[in-house]
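Here chain A shows up in two complexes: once beside chain B, once beside chain C.
Up next is the complex of A and B:
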């Protein structure tokens, strides 16, 4: 046990700066009003929870955010699965390492720059709208920015590398001999995919879903910059309690309910995946 | 899986995906040399946006702050993460997988929630929005990367040289310094670089935890995008993307040799 001591500082940090603050959200949910560094806690109340559910605003935004999260995750899987397969099994090994590095570039690029890049591309009279204008599909002076669709496009663009990398890790581990065996035993392509490839890719798929769905559902920068008036998500509402309205007790209650909802969704996905793996 | 046509389709799909990923970035870089400030056609070459960028002062100041913050955070995370990876391997299996699960929490949880939870704790303890708070907040979201990179190194590496050194009479410190550390080093450096990049871009943690009136570079960029178009944004983005590309290529080099020590000892 003495040899494990070097892990202690990190363990303490995770405890004090991650687990305890998240757990304390439950307590802060009952704080009345704001919680500023100088101010005392003025009292405890259940009003924050009552307020959260007395109108449709919060439940609707929560539901909408989960739907956007699911949609973005689904689009990412559809685009990333074949791409990760090609990366793991089709591309020559010599070129693979460079291509892997390239996938990491967007991952290391600031989220704000990625948003900005999409904005530049899609703005009215920008490259894409000019192109659509030439095809007479749309008026080049309009744009799809500042809408829910724009938020979805940006989020897919931002999180695609996470999904590709997760899936690649699993797909790369499937031995060619296994695929060959399946084929020589007479399995068709679809059967091989269903019985060999897909079950073996589940761990990567699951971690990909985790890495995309959860952060996307909680995004607030994208709706703020590119969503316009209709593009609000639950993150926008939480953010405004801390940076504009300054009602931190209410913000804590919203965050806490959101966190519980996320935990529930993850539990459902985990179980669903477990069942799919059992096929 | 079997046919040539299938493989070709997959390959084309892959290249199309790369096109989607890189077209917007490429457009930004090209447009940073375009004379019309709104990224529109026709294209006319100019360097004036880069001049504008380097003569403005607000950006330089916040860029320096971001560099300092990321350096401090990455260095701390590198040391803590390496120590954690060293220690965690001696834990019983159950405790080890618990540690790795807790390690993943700050990566998976939306940073909005993580940041807000920290702000509340800091406010309760009287720390409030401060440099210390911002440092701690950024540290906790990058530390997992350093732990993972160093731990992965342990997992892959050949441990026989360490036992050999011990058998030959080296003390624990000497074994660590001469054998374990060189073996870990690529993972440690890769983790540190990753921590630096992630911290440099950790907008949410800085947005909620930075002292009032203090802006890091991502916060400055956020304000620029929200307040409307600033022509030197393209030049700034292009520079940042090129730096990112350089770091990624460096990481690629570091990762190429999974066990530097045993590679060195192999007769070639």
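Up next is the complex of A and C:
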């Protein structure tokens, strides 16, 4: 009992901020329509779930969003590994905090401002398009904004720091003596990476994937601002149920299915990674 | 964030009902007895005409009363605040064409005795006649105050041919250069007008969906804010689209080329109404307020306010200078073929949103 006491506050927080909302989401996904102004529930039904799969809209958007999420996560991993490695092993200790703060700086700005900044850079007659125009590579009056490619670029830009920081914490913990031992036993760079570095960085990589894949798959601001006419993702569909028609039950049901799908994908990734590392 | 604002507003509401309301009954019991002066409580968006120096001080002077404002950030919030302790405290509210039918049906507002309004006759007939502001017995529940449109805007330096129809948005010439409002209601009403549906509020949804899918092939982006339209427009990435008259005004007044026209099939419109809440503590004073808001005196101040909107008073509207009319896009005449964004029941709203999401996801 004495041992359990200090854990009480965090357990209470976990209950209030995680389990209760989840239970409410599950409960509301069975509510018919919206609550009355007085907060009364009009009735329970499974119709919300049937409706979610009665047309292609939701499954198609869900599939598309997961694909974009996986793509963005993969690009983040590819960019973040060398960056995190450099931070942990190459940069001198004195410079490290400066480099770290450079990675963190984007967090000081609101997400919306980051998106608008990127839009200004990429828009037609903007800095990047003018530069390409001068090299005769593209017409400066066009731009890649308002496309799915633009959404991927902006999402990578926004979520890269999470991946770098997660990988950094794992890579930093790998002792130089281990790398030295691997090399002195005749392992090449690739072999050392595959058998020493990668397995040891798995916890960081997994938390990085969690931090990037989940919010990216559920994003709706970026696709609405720069995704163009075909940019819609599943987050916009869920958002519209709350912000436009206040159909709380249907919105909750869509969120619930989305949550289950993401949890399933994370479980598959978790298992796959473990197998790849031979753990 | 929103939750914190809600809590603050709720606290503010409780405080005003505790302190602001206390003297009011005394004033009602003994008018003119030299005691407390009556306090009129009105709900509106912040900085939207009624709380300016050409409104509150003038009205307080005219009728020897005080005017208190309660602000909301959405009409949904206005209704919630009214229903959670606002009755008996709030006198006037400001629903629009989307909400007034619902307010009438739910008994949130009460009939307005228009025989006691001096300026009602000066209000533009096409605005007054919108049926959602009446009940079955022809009682008036809303007095038009300000109005606006969501119509067709284009860049006249790029598009030099004359345009008078929504079909321009479907024209292959402008493929990849079209922006369209990401709002299921406006999206479907506009497509219904393009299709010349006899009743745009109740169109053939199959045909509308086909038309919107065809439009999607032309569209560059769906916009949902001033910035989301103005940025690609000013960068030249889009040249035509439906847009708010307010956005059109801002771009036009900043000196950029823009034509904003009302297609022959009609344009989407909205009206903001003054209405009197159920159990309003000062019904007679509320009538005076509604009348003052319609008056030439107030509406002249309103049009000269950079944050103002198109006035509902016909005389004020007609007396505007040509430059002002051009800035409001009502030169030479205001449009009279508006299709108002009317109230819809839950099933219709769901069906329309689902259609629009299907188009965007398809």
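FYI, the second predicted complex is superposed on the first by the 260 of 279 C-alpha atoms of A that agree within 3 Å, B and C clash if a C-alpha of one lies under 4 Å from a C-alpha of the other, contacts with A are read in each partner's own complex, and residues count from 1 in each chain.
One rule holds in what follows: a contact is a pair of C-beta atoms (placed from the backbone, for glycine too) under 8 Å apart; a residue touches a chain by one contact, two chains touch by 3 or more.
Since the model is a prediction, treat every value here as computed from it, not as a measurement.
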Partner chain in contact with A:145 - chain B first, chain C second, else both or neither: second
Contacts of A:217 with chain B and chain C, given as first, second, both or neither: first
Which superposed partner A:49 touches (first chain B, second chain C, both, neither): neither
Touching partner for A:24 - first (chain B), second (chain C), both, neither: first
Touching partner for A:157 - first (chain B), second (chain C), both, neither: first
First, second, both or neither for A:198, with chain B first and chain C second: neither
Winner by number of chain A residues touched, once chain B and chain C are compared: B
Chain B versus chain C as contact partner of A:126, first or second or both or neither: both
Partner chain in contact with A:8 - chain B first, chain C second, else both or neither: first
Touched partner set for A:228, first chain B, second chain C, both or neither: second
Set intersection of chain A contacts, chain C complex versus chain B complex: 37, 116, 119, 123, 125-126, 224-225
In the complex with chain A, residue positions of chain B that touch it: 1-2, 6-7, 9-11, 13-14, 17-18, 20-25, 27-28, 31, 38-41, 80-81, 83-88, 90-91, 99, 102-103, 105-114, 116-124, 126-129, 136-137, 139-140, 143, 147, 194, 197-198, 200-201, 203-204, 207-208, 218, 221-222, 225-226, 233-234, 237, 240-241, 244-245, 247-249, 251-252, 256
Residues on chain A engaged by chain B in the complex (per definition of touch): 1, 3-11, 13-15, 17-22, 24-25, 28, 35-38, 41, 79-80, 82-83, 85-87, 89-91, 97-106, 108-121, 123, 125-127, 130, 157, 160-161, 164, 179, 183, 189, 192-193, 197, 210-211, 214-215, 217-221, 224-225, 235, 238-239, 242-243, 248, 251-252, 255, 258-259, 262
In the complex with chain A, residue positions of chain C that touch it: 76, 79-80, 83, 182-184, 216, 219-222, 224, 227-228, 231-232, 235-237, 346, 349-350, 353-354, 357-358, 360-362
In the complex with chain C, residue positions of chain A that touch it: 33-34, 37, 55-57, 60-61, 116, 119, 123-126, 141-143, 145-146, 224-225, 228-230, 232, 236-237, 240-241, 244-247, 250
